[in-house]
């Protein structure tokens, strides 16, 4: 039952992370939560057997896009209206 | 060398663009000739492939990348370029328009995006590679990747303009991504049921265990078609097109306007006919009932909005939305002649729109504005440009010798034969609107009457302009010759329309579309 | 306005759920996708065709190599487009703050980074070269290499990173990556096969046709790695400084 | 790995992946459409794309299958080959043999994984480009909120129009006296070639042709779509989007240059019979334009 | 006209007649404002080449042969074919001969008034004449549609030559009517025939496919007949006639040649072609709703003559009289009898010559004295005897006095009406001739004290310019 629970837990966490990433006001926290979302996704795929995709998502998806997003946000306003 | 001509179509612009990128460091001036040469090379590849397609007995050239030939490996192992008549015709249109715009782009690129010529040409050539690839590919997922290539280069080319262009491009990015992702999801749904990605393979699996009535395939069909409609700027999803094409640099709008929407219509036709099959897409789903009505709404709204515009490029943008409505209508009235009309309209509309946008670019350059008020006296000032521009205009209206007339002719025949009176009525209405649009423009240019109707000159042809303004000064030759070339292409396609239509008929022979003519 | 946009979202949702229950059961091997001739061919014949243990890399670089070439082109386009948009762009609200390094690089960070970066770069070479056997390959290796340069830029400032990898060189390297990838394809075409048919390289390499594919794949992965490294770093450099390449985070 | 629990468990847990993917997709789509902040839209876009990738990956899952990399016993260069180093030239051992059917069940389906590698990279490329766009928008307009952006664009286009509209309004009142066309140089509608000096500035200042409100991407709601406001007001100097020349463009000065330019009175060059009964500043008056033709 | 099975002769001359003006346009444009006289000689040269090409075809036709020339294969089954038969040649002769007269006249007129943009004027004039030739020689419905559109577009710059407010309104009504009716009424009718007849591969040839329209049901035939009649708006049938007075804004040579001879006659020519060669007389006769058409034609004649009475502006009066005369021609066609159609064909020629003289005189008066209104012409006869004399002869011919041409065609029209035993039509003919008298003669009477009788059938005068004071 262990893996089953692990799988379901990640899926639910994913949904929570997605909702939080969109609702939180401060953009920096939003991008960090989005990084968490990406890493959760990468964990899920690794567990599902897609190791290459997980590795790519970890590096390209979570790594670079978060860095780039944070770089952009620091050049713009941090506060988001909604 | 000859047998992989189809690969050369993509290799030339790809390596041309990379060469332009490398030359970024070196001299700026060399990018323009590199771009033109690679376009010429691609066009040679295209013509060569057309010869091969016409020569081959079942009128298709299939070319598998990576050497996974069909005889020793199952179909779909390697990515296959499946060029039949329709795809090679549209590819030639793409490459021809690309070449003409490449020739045209010498001066406007230097003026409007100074210092970024090499980047511009890199993105320009990659855009043409993407579009040509879309027309040729026979693999569903590869089509998604190429759509993304074309889309990303399009975003880059448009956003190079002003900051207003950046705001418009953002809208385009969001919509484009939604469209492309829905298509990707649709391909995923197809894959989950059929297990293969090769278009011919998918068709065979659907035929084999007639998946047509399975829920997944229905949803896959909806996703794919809606995704493509979004990318095509069909009416409810067209919001990005006017802003994007009006604020973009001249050369970008001259390249994107004629090609992007037309290529996506080709993709829709390919999906409906070759992948899902005629009876799946037209018989089972009830799209054929409500789609023509959607087209009616699309054309009417687009035409009315075009009437409300006060600026040439914005008016032309709304005209493109209306023309997309024509083509989608031609496809969805589910009729042999309607399909011929729609395919021929893809070709003729690309030529017409190219002619108009090149003319608008020249007007903008010479009269400093494309606003209706600034155009007075242009006939005497730039006669060649105006004739070129209005040949495109007459072709959109559908006056006989031009290609627009023949595509409208087949669409009307299709509408009549399939008893789709609403489509016919809307064709007539929009022709009227286009007559008003273009002759209002001629009036503005020709007559010395202000909008509120009082005379500007002293009558007898005095346009109320200084002598210096009506002095004859045409645009630069490097921009004028492509315009004249485009205008003559409009006429040539019109005159030799029968050869093109016969080719289309050969393509449509294998799909038993109803002729609807019960004599 | 938010409520109105809920309608299309719900419509799409209902549509997708309606199809969801018609999917084949989760993970059963007889589902059409898994049991199709295509995927079973990949699983059974990758060893025979290309002698590459990692099927994903084999399919990525060889069977569907054309896709990956255009994927590299997409990365290249992203870099060029960002450059096109941000080059020389300035507006009333642009933060052209002069880079006054109020805080000079922190001691601990710089030292750990100085130790870490070579390790990271070796790891990225490992990931790239070993893509055939273990998960990894061109993209992942390239990103890790790019990340190492970004780390330098983060810890010191962008200038020091640009000293090691100037932006013009970035785009040259990126272009070279694609030329390498396309070049191998062209070479195999000139040797008589289709475009990207690596087996033909056996005519010039002293190895069997399968091993020629094996080595060609490595070459292709290197091409992808080059492009991705350069573009990731260029992306960061441009985005963090609005194209003026001064300042940065 | 999954033991067969109750039917509910079977149905719900088995399908959980697909249900979660649909939920994520909806969150992403809603985020993209409804969110006001541009960066939030981008986050929504990334969620939308990762959801699709989740769907593809869960398609390729096989029960009880390992990752799609050959286990040592099927490894083409594996242990059963006598010498262990990579490019063992002597391939005389029986070499890699194609796996038979039941062995194929042991490995996950590699194809979706390959497709998703591409999709991830495309997603990042789009994200990078969109972030660059956000920066350029912020540089130009100072805001990344959708509604503020639209109002700013609207205002800028109006700023370049109203001075013209008002000016042309009273100019048309002044020139109501039709007959006596005193001014030798009649109203130059808009190709102000005579105003050579500031034409360049004007050309450079005008960035946009006519006001069309950038329609918020209320795309999906087919029926209740808010039609883009067809541009009623017009601008005269609708130069093509002149990219910013390298010289720093005083865009903040743009609004008043347009206004001042249209108020400057170009001296009417007297031609043969200057019957200027009332001194009309018509030369640079932009032609009268009633808003609705 | 469905002539007996004549031998078809392949000949280049119809093409010369069509292409000569187009080639001339380049010469005119090249000569341009700087070399005025060279430009004028070019126009003349082209006019003469065209007239000679047309006139040289008469002997061939007399010997019963029909000339054909294939230009371009538009659709696989529909060629763009020029065919010269009796009716077409008659119209072509009238148009080309009168073009020479108009050119002569236009030179005096344009230079007299120091008109602007004369190069554009002459070049578009030549293009519209080549389009007229095209219509005259077209062999099937599609060809006639091509040249009909070409004529509409090429005459627009001529109508809006003055480039002022009136030109705008005139141009708008002109083009609005012509393009709307051709695209909205004509194109559907055209494509309807081409789609449904013979499984879509009918060529709608005037010789071969006469009467094929009979295959449709009665109601479809009537709808098609209405679409065609009102589609060819150039024929100026009543509800769609107001573009003609609107086009009087144009300079007089334009209104002279185009609105008396070329544009208007093209409309009527097409109507007759459709009635006689597409529907064919038998189909028309047993089409029950057909006599409504006669009613419309008669209404056109009567109403336009009444309006002409009230018009003070000379050119507008002539415009309305043209509408009336066209009504005669359409009437002849709708009578669907051999004699009626013959009469209308004759009237095309006779009215052309008569009306063009009237327009010449109106132009001459305007050039010489700047007068436009009939009331101002009092006592002008003494100063300009030749002009007013020509006016007198022209109006007599239009009215239809026995020795002059107008009478012959009206006579046949009456015979045609009698064949159809529609006596009320004859009454309408007489009544309208009376009305013609009332609105044409007063013009001459006010100008003259005494009327002159001069035997001159076509009232063809050399340009009255020579003797202007």
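A, B, C, D and E label the chains in the order they appear, each numbered from 1.
Rule of thumb we're sticking to: a contact is a pair of C-beta atoms (placed from the backbone, for glycine too) under 8 Å apart; a residue touches a chain by one contact, two chains touch by 3 or more.
What you see is a predicted model, and the numbers here were worked out from it, not measured in a lab.
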Co-neighbours of chain E and chain D - touch as defined: B
Fewest touching-chain hops separating chain A from chain C: 1
Chains touching both chain B and chain D, listed by label: C
Most widely separated chain from chain E, with each centre as the mean of CA atoms: A
Winner on C-beta contact pairs when C-D is weighed against B-C: C-D
Chain B and chain C: spacing of chain centres that average the CA atoms, whole Å: 31
Between chain E and chain B, distance of the C-alpha-averaged centres to the nearest whole Å: 43
Distance from chain D to chain A - Cα centre to Cα centre, in angstrom: 24
CA centroid of chain C to CA centroid of chain E, Å: 73
Contacts with two or more other chains, residues of chain A listed in rising order: 51-52, 56, 60, 64, 68, 72, 75
For chain E, residues that touch 2 or more chains besides their own: none
Residues within chain B bordering two or more other chains: 113, 115-116, 141, 145, 148, 152, 155-156, 159-160, 163, 166, 191-192, 197, 454-455, 457
Pairwise chain contacts, counting only pairs that touch as defined: A-C, A-D, B-C, B-D, B-E, C-D
In the complex, chain C residues that touch chain D: 1-2, 4-13, 16-17, 20-21, 23, 25-29, 33-34, 38-40, 42-48, 51-56, 58-60, 64, 67-68, 71, 74-75, 77-79, 81-82, 85-86, 88-94, 133-135, 139, 207-208, 210-211, 235, 238-239, 242
Touching residues (chain side chain B, partner chain E) in the complex: 337, 380, 394, 397-401, 409, 412-413, 416-417, 424, 428, 431-432, 435, 439, 442-443, 446-449, 453-455, 457, 459-463, 495, 497-498, 502, 517, 519
Residue numbers on chain A that touch chain C, as the complex places them: 51-52, 54-56, 59-60, 63-64, 67-68, 70-72, 74-75
Sites on chain D touched by chain A in the complex: 1-3, 13, 16-17, 20, 23-24, 27-28, 30-31, 35-37, 39-40, 42-44, 46-47, 50, 53-54, 57-58, 60-62, 65-69, 108, 112-113, 116-117, 120-121, 123-124, 127-128, 131, 134-135, 138, 143-145
Interfacial residue positions of chain C with respect to chain B in the complex: 15-16, 18-19, 21-24, 31-39, 41-42, 62-67, 70-71, 73-74, 76-78, 80-81, 83-85, 87-89, 91, 168, 171-172, 174-175, 178-179, 182, 186, 188-189, 193-200
